[in-house]
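Below, chain A partners chain B and then partners chain C, in two separate complexes.
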Partner chain A sequence: MSAGTTKLNVTVTDVVTVNELVKRFHFERTDGGDLPTFSGGAHVVVEMRDGDKSRLNPYSLMSSPHNTRDYTISVRRDDSGRGGSLFMHNRVKRGMEMVISYPVNLFSLDLRAKKHLLVAGGIGITPFMAQTAQLAGEGGNFELHYTCRTPALGTYADVLRDRYGKRVNVYYDDANERLPLERLLTSQPLGTHLYVCGPAGMIRWVRETAAAHGWPDETVHYEHFAAPQPGLPFDVTLALSKKQIHVGEEQSLLEAMEAAGIDPPYLCRGGVCGQCETNVVSYDGTFRHNDHWLTEAEHCSGKKIMPCVSRFEGKSLVLER
Partner chain B sequence: MGINFRQETFRDDYTFRNSPEFVRRFPFPFHEDAYMYAVNIEPHVQGPKGTVFENLIDVDEHYVSEMRDRAIVLAEDPLRCQSLPHMTLAGWDLLELLMTEKANSYPDHFSLTREGDRWRWINRPLGIDDTFTFGDLSTLPYGPMEYITRQSQGDFCILDQRDGNLWMDAGMVTTQADWSLDFDIGMNFFEWHAPVPLAHEKGIFTRALKFLTNIQQGKPARRLNWTMTINPRLDTSPENYHKWGTDRATVTPENVGDKVHLRVELQSFWRLPRSNALVFPIRCYLIKMDELVTVSKWARRFHRVLRDLPIELAEYKGLTRYRPTVIEWLSKYDDGAPTSPGFAPD
Partner chain C sequence: MPAKTILSRPVYGTLSPQTGKSHLFVADAEGASAILDLAKKAPDGFFARAHIMFIPDTSRSQFQAALKALKPAQFYEGPSIAAALPRLRQTLANAHMGLRIYLAGTEGLIGQAMQVALEAGIDHSSIQTEHRGSWARRVQCVHCKGITENVTTQPATCAHCGLLLLVRDHYSRRLAAFQGVCINAEDPSEIPQKEEIFR
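Presenting the complex of A and B:
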């Protein structure tokens, strides 16, 4: 039995332009029923059917977990990406029917925490929208620190300030404001848990600084969805199903397998959950590992690949699928 | 369709027994004539009518009497029900799950009316009609987990998921096969399974944990486990070992049929939505040897399973002392004929 999620048929009930880079999408169940309750930090995988191409991208739910009428996500346009965010921005309109997965939470709050210290960068704010709603509803103790480029791109900064007042601190790059990370990490009460979501460089900085100041690993949580990156096309032999597949420039290896009728299990499609881990039978070339699941030793071993985000360049690649 | 709830006991005079139709729906756990560990997990989906899988949360003829037995255990030992402070939200999740499933599956016996956070719960078999505010502890007589599990057959373990592991941080455990919630509370998956023989070496727990931590909302899973119990006693806990341990020395060829029970646990695994915790309902089903042998396939097969069981497993399950007597008794019902594959009676 493979893990996986149930699908939900939803209708887009609203598309809202938040700023020049971000749009918000509202979904309700097409059959009019309630959506499943979820926990702050959960994501859904949105299926995008674009002619004969199909893309499945994970997006954090940002609505209140207590709201089962509609789900909302926010999508930042990535002009150099594989086209998932462009599809959402340019093609998805109110009234469209789409398929999304049940919520999956790989970035859960640790409910033992005496205090939750939330650090967001850019569009990494979205899971915290839901988490702060959950914590506020339960009288939880939290503090949010949010860095963004400019006030115009400070997605939901105003909403969060209105909701939570002084518990929200925003830092704008263009005003040369800096997140006082060292001070924050050295002045928290015992029992505080730290959560970070944002660009890879920021996550690394926060984790390394926390480690340097003696924060135990178990108290540092991060959400690290790497969107699959485009790259050179490559060919793959699937040994078990005896198929040859071609992975296009803007396709992920996982998507190419799915297009060929192979369905490896998945949850995050972002290189963190480990579900689609695939054994390598043989190869002649170089792996482009982009995941956060395999260890460095496994990356070097040439024995495993995470097809949701990782790629390959070279003469031949045979996988156990 | 109404269930005819039996009035019976699981202690003292032990009047528990199964009606003939409940013998046929017993979750017999052996699909072949031998038993060894396996990660025998399958999707927890509804099964055929007349099986314990007909509804995802099964209520049967023993319901009212089992709840009475639970209340006795709790009155003597309140530590059978514990919830660490961060698990209250998961308790509300469990309350919602059990109320919703019961009301949908057994509308004659249970009903749930929700108006926003104002909920009315009617449990006719137990004579309960309560209105409360979902999420507000002050509106229920117990915490949410204790409230609903005093009205639900089976033990319940609620596991917090963090650091890539599962932690036994809340539970209601009064019908267990010789393990203690009070001892295990706060332990992780490997710690509380530490006493199980053979399975660690086979890597079973590592694989099982990987599977369980990936269980998603709306996709519960299940497995069966089994042991044996002398007298139909639900509370075979370490805390009360002095009350039941010696029963194992009382088995004679004359009383096997009435005294010896196959004890099957239907364990199911569910992701809880608000807390992202997992709940394991562990439902205990008992069947007397006299009842079991009314299904000839089960009689043949259980004889073979028990006879060929590895010694480590027999010891771990506490069967060593009376196993030969039971095998001898069962052998009368095994003519050596082949058995059909699968669990169901022929």
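Presenting the complex of A and C:
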């Protein structure tokens, strides 16, 4: 059993269509009782058993941390992904029993901050649903800035406005509204922390702009919600366990190892926590690194890979597993 | 620089110019020389957005002219650390993100200015520090909780309750003080020789 990945048996108590791309799922413990407590920004890993395939994707908990009766997640349908979100959208129904991990938080609030500046793009709003509920309950000082494509796709924009009024600012791309990032970053009181969750390009833009405006690294928090991407199938030799495995087009390398009975440690399955870091013994080909954990130099070295999100194309790959 | 003995013992670095909208320097005595050394590496116009708070060594006045020659946007000269701290608190209360903080000088100055910065919500690792000058310590007596300033000896006498204290490397950022523990609790008649070691 991997560290921090104790499992919970849950029942889907509700599936709600939020808009044309997003569905919300409610889970309660199958055996009744309360779920483990969590803090805003935490995620759970949802196991999707689809015939002989098994996919495990991380999703941010979006319900209030003050409520441990149920957990809720929101899933954006990704038609070009490897099918995890499509499975959630098309196959998961009310009453179904599923397995999820204990919550893990790699995007927590720094409660020493005097103020929290939250910046969300698209479905990156979900961890902030829980964080705003936590902060509001503790009288915390926050403001949320949320960019989305259109009012129809502005997932939970109305809910957040109802809850928090002027503390919530929404910017619609189709109305040509832009997040006034520079003005926001130069007008915050000392002691503010910045949190950003959204597409990779947005996270990069916000982090770089904050650094250029003198925000220390310790005050800038971000979460990539990158699920593993599909890719060409490839074969891998696992040197320690003396096994040959095949990684399918829509399978991650980590999932393929698990299917072969190897149990590497993991927490996030999204390329950020570093738990599943694996040494490369030898290779002949090209790595497709998709993680945010290894440094640029490590990516180029050919000595390490993050099997949760990264892939390989070429003749041979031998890993120390 | 003393060896790192236990985790809480502060470790100081070397000041270097940070990316920022404005810069706040707090220094005492020899700490001014750390600001002057940073100035050699600073980009043009850096001090036009800087505020220097300086507490000179009362016996000398060798750094004021050199610091003023950097033409900082603001220059403050205070009579003591205690007098400068409320001003620092007020400055931070009105400041915005983009302000970078640099502390230089004695451990007492760095520790107390950092304590004020922490209360303003700044992470200690976001603050640049450089030690210059005296290693005299602020020590909190764990028995009476009184703080004794400028401790240079080991052991040291608590200025509040009079107990003879072993001055430990155990440091509190929250209190801006090292911990002092009674050295002869078992046998108060045993009085170890005091040695001046925190110079």
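One rule holds for everything that comes next: the second predicted complex is superposed on the first by the 319 of 321 C-alpha atoms of A that agree within 3 Å, B and C clash if a C-alpha of one lies under 4 Å from a C-alpha of the other, contacts with A are read in each partner's own complex, and residues count from 1 in each chain.
We take it that contacts are C-beta pairs under 8 Å (C-beta built on N, C-alpha and C of every residue); 3 or more make two chains touch, one makes a residue touch a chain.
Small disclaimer: the values here were computed from a predicted structure and weren't measured.
Engineer: Once the two structures are overlaid on chain A, check if chain B and chain C clash or fit side by side.
Structural biologist: These partners clash in the superposed model.
Engineer: State whether A:Asn105 touches chain B only (first), chain C only (second), both chains, or neither.
Structural biologist: first
Engineer: Give one of first, second, both or neither to describe whether A:Glu218 is in contact with chain B, with chain C, with both, or with none.
Structural biologist: Once the two structures are laid over each other on A, A:Glu218 reaches both partners.
Engineer: So in the superposed three-chain picture, is A:Pro189 touching just chain B, just chain C, both, or none of them (first/second/both/neither)?
Structural biologist: Touch status of A:Pro189: second partner only.
Engineer: For A:Ala227, decide between first (touching chain B), second (touching chain C), both and neither.
Structural biologist: Neither partner.
Engineer: Which of the two partners, first being chain B and second being chain C, lies in contact with A:Leu153: first, second, both, or neither?
Structural biologist: In the superposed model, A:Leu153 contacts neither chain B nor chain C.
Engineer: Is A:Met257 in contact with chain B, with chain C, with both, or with neither (first, second, both, neither)?
Structural biologist: neither
Engineer: After superposition on the shared chain, which partner residues are touched by A:Lys114: those of chain B (first), chain C (second), both, or neither?
Structural biologist: A:Lys114 sits against chain C, while chain B stays out of touch.
Engineer: Given 19-27, 109-117, 127-135 or 181-189, which part of chain C has C-alpha atoms clashing with chain B after the fit on chain A?
Structural biologist: For chain C, the listed stretch overlapping chain B after superposition is 181-189.
Engineer: Based on the A-chain superposition described above, do chain B and chain C contact any of the same residues on chain A, and if so which?
Structural biologist: On chain A, the residues that contact chain B in one structure and chain C in the other are 110, 112, 217-218.
Engineer: Along chain C, where are the residues that touch chain A in the complex?
Structural biologist: Per the stated touch rule, the residues are 18-22, 92-93, 95-100, 118, 120-123, 125-126.
Engineer: Please give the residue numbers of chain A that touch chain C in the complex, ascending.
Structural biologist: Touch residues, chain A against chain C: 110, 112-115, 185-192, 211-219.
Engineer: Mind pulling up the chain B residues that touch chain A in the complex?
Structural biologist: Touch list, chain B to chain A: 41-43, 85-87, 89, 160-163, 210-211, 214-219, 221, 273-276.
Engineer: Once bound in the complex, which stretches of chain A touch chain B?
Structural biologist: 1, 3-6, 36-39, 41-42, 65, 102-105, 108, 110-112, 134, 138, 217-218, 267, 273-275
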